[in-house]
Amino acid sequence: MTPAPHPYIFAQTGLDSGALTLLGTLVHKMTEPGEYRGTVSGPAGASAVFYLTVTKESAVNQVNIDLAALTAPPSSGAADCGCPGGGSSGGGNVFTVGQHGYAVFHLSGGAGGHAVRLGRASAEPAAKAFDSTQLKDGDIFAASLLRPGAYKVTNTLQKGAPAADLTVAYPQAGKGAYTPPSPLRVECTAQGFRPSKLELTAMQGCLFVCAAPSRIVVELVTALDPPAS
Amino acid sequence: MSHITVAASAKAFEQMFALIRDDFHFSKTDGGSWGPFTWSYDVAFHFQGGTLQLNNDGTVEIKHLDVVWDALEFQVCFELPGFCIGGFCIIPDPFDGCWVSAPKICIGGPICLPFDLSGLVSEVDDLKANLLAQYWVDPTRPAGISDLTAEFMAKSNEWKVFLNPVFVDVLPIDVPATIENIIQNVFEQAIENAFSWVPGWAWSIIWALLGPLLDLLKSILGIVEDIQNWVEDLLNSIFNLVALIETAIAQDFAGAYPLITFEDPYPILDGGPGHNPIPVKIPIRNLAATIDAAEMVITADIGT
Amino acid sequence: MIAIGFVQAWGRVMPYTSNCDLYAAVNEAGINLVALHVMRQRPSLVNYATAAIAQDPELACVQVVATPDVSLYDNPLFTTEPPLPLLGVETPPVALNYCAQLTKAEVDFYPGDIITLPAEMNPPLAQQHFAMTAQLCAGLVCGWDELGKVQPWPPQVAGFAPPQKGPPFVPSGRPTCFCLDAFVIGHVGIRQLFGFPTLSVSIDAVDVPEIAPPGMKAALDCYLRDTIQLVLLEQLTFPLVHTFFFDFSFLSLPNITVLPAPNPPVPNNPAIEDNQLKVFIDFEVGP
């Protein structure tokens, strides 16, 4: 009798907002009410369709859309997604959120590598309201970095912009249990990242707030060994 | 006046008692739940030592009888909250709180802590008993057969003299002060086993997230006292091992381990090959056993 | 009645085991019941007869009383003996059927208050002694009526066929029976037999008052004394631990040595007193 294993959590050291994994979350604000149709593409050709209703009549401000669940049923060992804010999933692939509420795209399990597009259901071919491979002004890529070490952060859609240096440190031993600090907020502009030197502690969130078209890629450069015990 | 009188001094009685004490072994497995955890145990014990005194009130008193736990293995299982990834606030609420938060993945689950305190010694502080003479008939003995035929079928009737407890005082089991270290190590090992798929570099992060393990355990299990007291409560009250010892003495020790046992009728001359000649056996009747401060006295009559 | 020690002459209650580790006693009523059980369960020990009478128990002087198990397990009622030869009768030999039975036995421990001993035994019964009465019955099939069947063999001279040798001629018939009362006096001791302390019984004297003349009486008394002593030695042995202490388990442990309680402090071991046979043993606990 033991907890189910999650091999992907600790195996993933890099993140890509255009190929979402367990450690990344995309946040997009839904400002226009209406019926939306979303498509999810996953690894090995997996795909799924979902529907999102944005309505003035709903007070729900956050809807969590699990891309892994949409493209494949969760395995028996899948982690329990303690997802606050809930949102409402009407029937597995049908979601509702209030106007000016947020669609939060995430994965609850699996190797990841998912992308998602969202467009109005009535317009075919649909103008993309949201494309995870091209984040726009106001979109947020929330990253959880576990592996201590030195990272390089680049915006592949802003090729001229300098990369940011990011370090993740091991938590310091203390008297009580370690609680990760509040997430670090980073602005992604056409000129680069502000701040450009990012210092995090393991498990601390990093919020990349897009002010320009972005695809954020975080790569591990040098892994850091654990401190001697 | 009885036909037969047999008396055993305190020295002889001590030997008789030592024989049944050393022969006695008890074992049990059980399980249950208590609040946030489930438990199971597998225990076995035998008796050792003890000082014996015969009393004029017809009782024998045994003090400081050691209970040696040949096996004292138990397991406590509970839900380990584990640690969570994500869950932080992405867009704060201007009026405090959080407007949009990241989904979190929590990694925890059922975990069991196995303990082995075999070799621990606890004590029956005081056991007082009188003697009970019982005539036992084998329930499988066929009706109508003679006592001799019953002997040849290994279904002889028997006289048995048992210790009949009238007072038992079992001391609570004490655990060593090192139990905290033991629990710390067991919990650590159980977590390592539970998360055996975690790579080596991540362990210092996980230990940091879990924090001091004994504090974590106390928080999960709702323990407000110190760990040593909690383990003693677990053994003595929740597992009820004190009552287990008392029951073992009253039912198993006193009901299945006679001080004296012999077949009836009692053989005084052996038989020959092929039951020719048959053994000569004497019926024993009205057997009674008493104790005074000096000795145990058994009286009986010879039947016709 | 619950025994709580015994009361000495001056009224002080002493534990049975005040001078030993284990004590056992059997009173004479118990011993007599034991004797009855032995006679009923092992009748061939106290009933002797020739084959003709053994095969037809109705011919015996006294009906043999035995438990059903004796016949159930094909045990004999009698020990079979050869017929009694007529001395000088050889051509052909002639022998007589007979039976001899011990029909009653009763023991009286010191102080002898049940059996009145004959004057020849110098009553009263001495301390540490037992007395016993026994009824002996015997019978002989004289066979006078059948002597006509006996044909003398021809003399061993030329011209006569040599005689056919064979078993003796034994006349049939019902025995002529008689019973005698015998008195026995003896004492007890302890000896090591096959490695175990065992009760030993010594016969001090036997008297059959009704026999005369004195020489015949002495011979018969001696015959009975020898017989009783040797039957006790060969057939009736009683290891102390098994017989008196129900084979208490701890006494057979390899580190336990059982010893008769010594003198002092026990002056007589076994003791015959207070109408009881008493045994005192100690044990030592080895490594």
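Think of it as A, B and C in the order they're written, each chain with its own count starting at 1.
Basically, contacts are C-beta pairs under 8 Å (C-beta built on N, C-alpha and C of every residue); 3 or more make two chains touch, one makes a residue touch a chain.
Source: prediction; values computed, not measured.
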Among line, ring, star, complete and other, the chain touch graph is line
Comparing each chain's Cα average against the average over all protein Cα atoms, the nearest is chain B
Note: subunit C sits from subunit A at a C-alpha centroid distance in Å of 109
Between the Cα centroids of subunit B and subunit C the separation in whole angstrom comes to 55
Contacts from subunit C onto subunit B in the complex sit at residues 1-5, 15-18, 20-27, 29-30, 33-34, 36-38, 41-42, 44, 67-70, 72-75, 236, 238, 242-250, 253, 256, 276, 283, 285
In the complex, the residues of subunit A that touch subunit B are 1-7, 9-11, 22-23, 25, 27, 61-62, 64, 66, 79-85, 102, 104, 106, 108-109, 140, 142, 144, 146-148, 170-178, 180, 182-183, 202-205, 207, 223-227, 229
Seen from subunit B, its contact residues with subunit C in the complex are 1-9, 11-12, 15-16, 18-19, 146, 148-149, 260, 262, 266, 268-269, 275-283, 288, 290, 292, 294-295, 297, 299, 301-304
As the complex stands, subunit B meets subunit A at residues 77, 80, 82-91, 98-112, 193-205, 208-212, 215-216
